[in-house]
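Both complexes below contain chain A, partnered by chain B and then by chain C.
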Partner chain A sequence: MLIRPVAEDFRIIGFFMGRVFAIFTVASLVPLLWAALAREWHPMSSFALMAGCYAALAAIGLRSSPKVRRLDWSHGMTVVALTWALAPLVGSIPLLLSGHWSGPLDSYFDAMSGLTTTGLSLVHDLDHLASSINFWRHFLHFLGGQGIILAALSLFAAGGGLTLYHGEAREERIMPSVTSTARFIWGVAIVHLVGGVVALTLVGWVTLGFSPMRSAFHGLMIFFAGFDTGGFAPQSTSLGYYHSGIFEAVTAVLMVAGAMSFGVHYALWRRNPGSVLRNLETRTILGSLGFTLVLTIVGLAVTGVYSSISGLARAGTFQLLSAHTGTGFATVSSAELRGWGGLEYGGIAIAMALGGMGSSTSGGVKALRIGLTLKAIGNQVRRVLLPDGAVVGTGYFQGSRKRLTPELAQSVMAVSLLYVALFLLGAGVGMAYGYSLQHALFESVSAGANVGLSVGVVDPTMMPAVLKLVFMLQMWAGRLEFVAVFALIGFLLAWVRGK
Partner chain B sequence: MKRAVVIVWLAATSAVVGAAAPAEAQATSVEAIVLGSAEFDGIEITVEGELVGDYGNRDDGTTWAQLNGGSYVTMPLREGGARSGSNTGIGVMIPAGLAEGLDPAGGYGTRGPVVSLTGVWHHHDPDRGGESYLEVVGLDVIEEGRALSQPIAWWPLLAGLGFFGAAITLRVRSSTGES
Partner chain C sequence: MSEEPHRRVETIGSRLTGLLVTIGFETLFVVAVILVGLAVAALIVALS
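Entry: the complex of A and B
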């Protein structure tokens, strides 16, 4: 029987959402300041409106002051799901007012794409967009990739933090408490921020010959989009804009760092690479990277897209890494990517669907689930082949020695199947609008796995509104890995039909 | 025999004259190049568009930029042009001498110079790790760059301040009520 939520339930949810919106208020002052310094007065005014809306929502939420200031599982998941739906709605205000988006749905689409670190975009004339708006788009990647709820945890040490932490699809608790884990994750991000921006700025300035200010601008934008595996870029030609192998190499390092779980970061920080290499997840992702890279390179070679080894290796490897890490940077145009067929197209699409590691900034099914699924299938086959009574080992290493229980295998496979269903949903709707299976499936996987590579289905002039809504749902559900979304649906059902 | 000598002489002369005269570069558009990049590989082309982004002045004596085509070139969005989708752009490698004195490249507050570029299109150039770009040999400025303005909109600023005021009032009242 469903139990109808009472006023206290709404007060708890409102209070914790208020806390998260307070963080968004502070975050939105950064682009406002940027716009003022860059003397971009029109965008500055729209950032003031956005910040005011966040502040008002924060104040309304905090005013609800519940009697108990601890979250249970259902409340926490509902807070996460609602925050990830509402925050980009307010965050889309400056995009809408800039005049570079066709309407509220399109600007909401881009803000959702930014926060969920997807990178698909419906922007018109990106190359004349204000730098502050561009900053905000990329900053959304950073806020979403690092987990805005994590920020709330770091600052407020909120009661019931564990449920919020899991709600944002993070499973590994690296430190003894969730708050210290959250602070470690932000520490990792800040270290990479400094190193990554300095490296990219130097390449831009010394090698590419940009002015120091513009080098720093490009460095910051590409860092946000690369490390947080987002995929927005400040220019319309994405990473192809830079025409530089060194720039691509530095970006690739950041993308890989972003797709690594924070547990792996912690092990590396503790100088324990042996533990990293023993991890089932590391081995799975190395295997899937190798497999999809071979598919992509062989496909490109067979179809003769590149006539040189250097072209094949550089473009094939970068594009594959971009897909597998869930970043979505491109060094070729959508038109050219659309022309890729056969193995390389399949290699890129499979890599997008698999995604990076769990508890990282990337999306997709994730390497740990793939590894555990393969292990569960292998164990099942062994049980059939071995004599009755033979013992089949169910252990695996992931930070420490663990056991693959039937319940764990079931839950892993269920989430993996949900991803497949999510990909098929977008592909089906795309096909209903007349897109080919190949293109509809590619773009749907890109949205559901929060990648951002596009073969042109996401187009600001031609994309049907229903397909935009479906892709937004895919980005949202894919980023939260379903649990928080189902909890929200359950909460709403209980509200409507509960007793 | 005499006739044969004349034919050979005429053929040789026309070949020499043909080689000396500059070959006509094929006029095309940025959109056509993006859609059919491989078809233009190694061909000398002339293409028009707006230079946007940055001028990357590299140590090898070249300047890299992005050349955009499409309707935003003729009518920028900020000057009332229609929203016509994503930009369509190609990379161009210009000898530094030709790029000297160009107006700032297009961006938020700037409409970049509209130029006609002549050069050889390289599709997935093996010498540059598979990049595609136009190697420019000739540059004509069709239209100088100019500033684009976007005046401040006051209502979002005032509404934002209003929301801020309301938020602060709510917080103060809540704090007073709690205490």
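Entry: the complex of A and C
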């Protein structure tokens, strides 16, 4: 029987959402300041409006004053799911008012794509967008990738932070408390921010001939989108704009850093790379990366799209790394990507679906789930082949020695299947609108796995509104890894049908 | 008899080493992927 939520439940949810919106209010002052410094008065007024809306939502939430300021599991998940749906709606105000998006649905689509670190975009004339609006698009990647909830946890320690942490699909606690873990994650981001922006700025300035200011702007935007595995770029031709192997290599390092779990970052920070190489997740991602890389390169060589070995390897490896890490930067255009043959298309699509490591900014099924699923299947096969009574080892190494229990295997396979269903949903709707299976499935996987590579289905002039809504749902559910979404559905059902 | 729990003291030097290990690992990862890509491409072109 469903128990109908009472007023206190709504007060608790409202209060914690208010805290998160308070963080968004502060965060929205950054693009406001940017617009003021750049003397972009029209965007500045739209950022002021957005900050006002976030502040109003924060004030309404914080005034709900529940009796107990502690979240249970269901409340925490509902807070996360609602926040991730509402925050981009308010965040889309400056995009809509800039006039570069066709309407509210398109600007909401892009804000959702930004916050969920997807990178698909419905913008018109990106190359002439105001710098502050462009900054906001990329800053959304940073806020979403680092986890706005994490920021709230770092600042408001008490009150059931663990459920919020899990709601954002993060499972690893690398420090004794969630708050210290959140602070470590932000520390890793800041260190990479400084290093990444300096490196990209130097490359842009020294090798591309950009002015120092322009180089720093591009470096910062590409850092936000690369390290947070987002995929937006300040120019319409994405990474292809720079025509620079060094720029692509530095960006690739940032993409890899973003797709690594924070457990791996912690082990490396503790100067323990041996433990990282023993991890089931590291070994799985090395295997899947190798497999999809061979598939892509062989496909490109057979199709004969590139005449030189270096050109083939450069385009193939960068696109594959971009897909596997869930970033979505492109060095080839959507039209060129459509011209790729079946093998390389398959390699990129599989890489997108598999995604990076768990508890990272990357999307997709995630390497640990793939590794555990393969291990569970292997154990099952061994049980069949070995004599009755033989003991089959169920241990695996992930930071420490762990046991693959039937419950864990079941939950891992359930989430993996949900991802497959999510990919098929978008592909089905795309095909219903007349797109080919190949294109509809590629774009659906790109949305559901929060990647952002496109073969042209996501298009501001031709994309059907229903398909935009489905892709937004995919980005949202894929980023939250379903649990928070199901908790929200359960909460709403209990509200409507509970007793 | 109980022992004093081991505590790792973080100094600037150890933090810098940690940073270098992290950046080194990330860079080597990318270099390895590029080298595998180049090797596979060269092999396929040589065979065809």
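Here is the rule we go by: the second predicted complex is superposed on the first by the 498 of 499 C-alpha atoms of A that agree within 3 Å, B and C clash if a C-alpha of one lies under 4 Å from a C-alpha of the other, contacts with A are read in each partner's own complex, and residues count from 1 in each chain.
Heads up, the rule we're going with is that a residue touches a chain if its C-beta (ideal position, glycine included) is under 8 Å from a C-beta of that chain, and two chains touch if they have at least 3 such contacts.
Please read these numbers as outputs of a predicted model, since none were measured by experiment.
Colleague: Under the stated touch criterion, which partner chain does A:249 make contact with: chain B (first), chain C (second), both, or neither?
Modeller: It touches chain C, and chain B stays clear.
Colleague: Classify the contacts of A:333 with the two partner chains as first (chain B alone), second (chain C alone), both, or neither.
Modeller: Touch status of A:333: first partner only.
Colleague: Contacts for A:301 in the overlay, against chain B (first) and chain C (second): which applies, first, second, both or neither?
Modeller: After superposing on A, A:301 lies in contact with chain C but is clear of chain B.
Colleague: Have a look at where A:237 lands relative to chain B and chain C in the superposition and call it first, second, both or neither.
Modeller: Once the two structures are laid over each other on A, A:237 reaches chain B alone.
Colleague: Now for A:68: first (chain B), second (chain C), both, or neither, which partner does it touch?
Modeller: neither
Colleague: Report the partner of chain A that touches more of its residues: chain B or chain C.
Modeller: So, of the two partners, B touches more residues of chain A.
Colleague: Scan A:312 for contacts with chain B and chain C and give back first, second, both or neither.
Modeller: A:312: touches chain B and chain C.
Colleague: Is A:420 touching anything from chain B or chain C once the two structures are fitted on A? First, second, both or neither.
Modeller: In the superposed model, A:420 contacts neither chain B nor chain C.
Colleague: Same chain A residues contacting chain B and chain C, which ones?
Modeller: After superposing on chain A, chain A residues 310, 312, 314 contact both chain B and chain C.
Colleague: Where on chain A does chain B make contact in their complex?
Modeller: Spelled out, the residues of chain A in touch with chain B are 40-42, 44-53, 55-56, 58-60, 62-63, 65, 93, 97, 99-100, 102, 121, 123-131, 207-211, 214, 218, 235-237, 240-241, 243, 245, 305-308, 310-312, 314-315, 331-333, 335-336, 459-461.
Colleague: Show me the residue ranges of chain C that touch chain A in the complex, using the header's touch definition.
Modeller: Interface residues on chain C, with respect to chain A: 8, 14, 17-19, 21-23, 25-27, 29-30, 33-34, 36-38, 40-42, 44-45, 48.
Colleague: Mind listing the chain B positions that touch chain A in their complex?
Modeller: Touching chain A: residues 34-35, 37, 52-59, 63-64, 66, 68, 72, 76-78, 83-91, 93, 106-109, 111, 124-126, 128-133, 148, 150-154, 156-157, 159-164, 166-168, 170-171, 173-174, 178 of chain B.
Colleague: Considering the complex alone, what residue numbers of chain A touch chain C?
Modeller: Interface residues on the chain A side: 191, 195, 249, 252-253, 256-257, 260, 265, 268-271, 273, 276, 289-290, 293-294, 297-298, 300-302, 309-310, 312-314, 316-317, 320-321.
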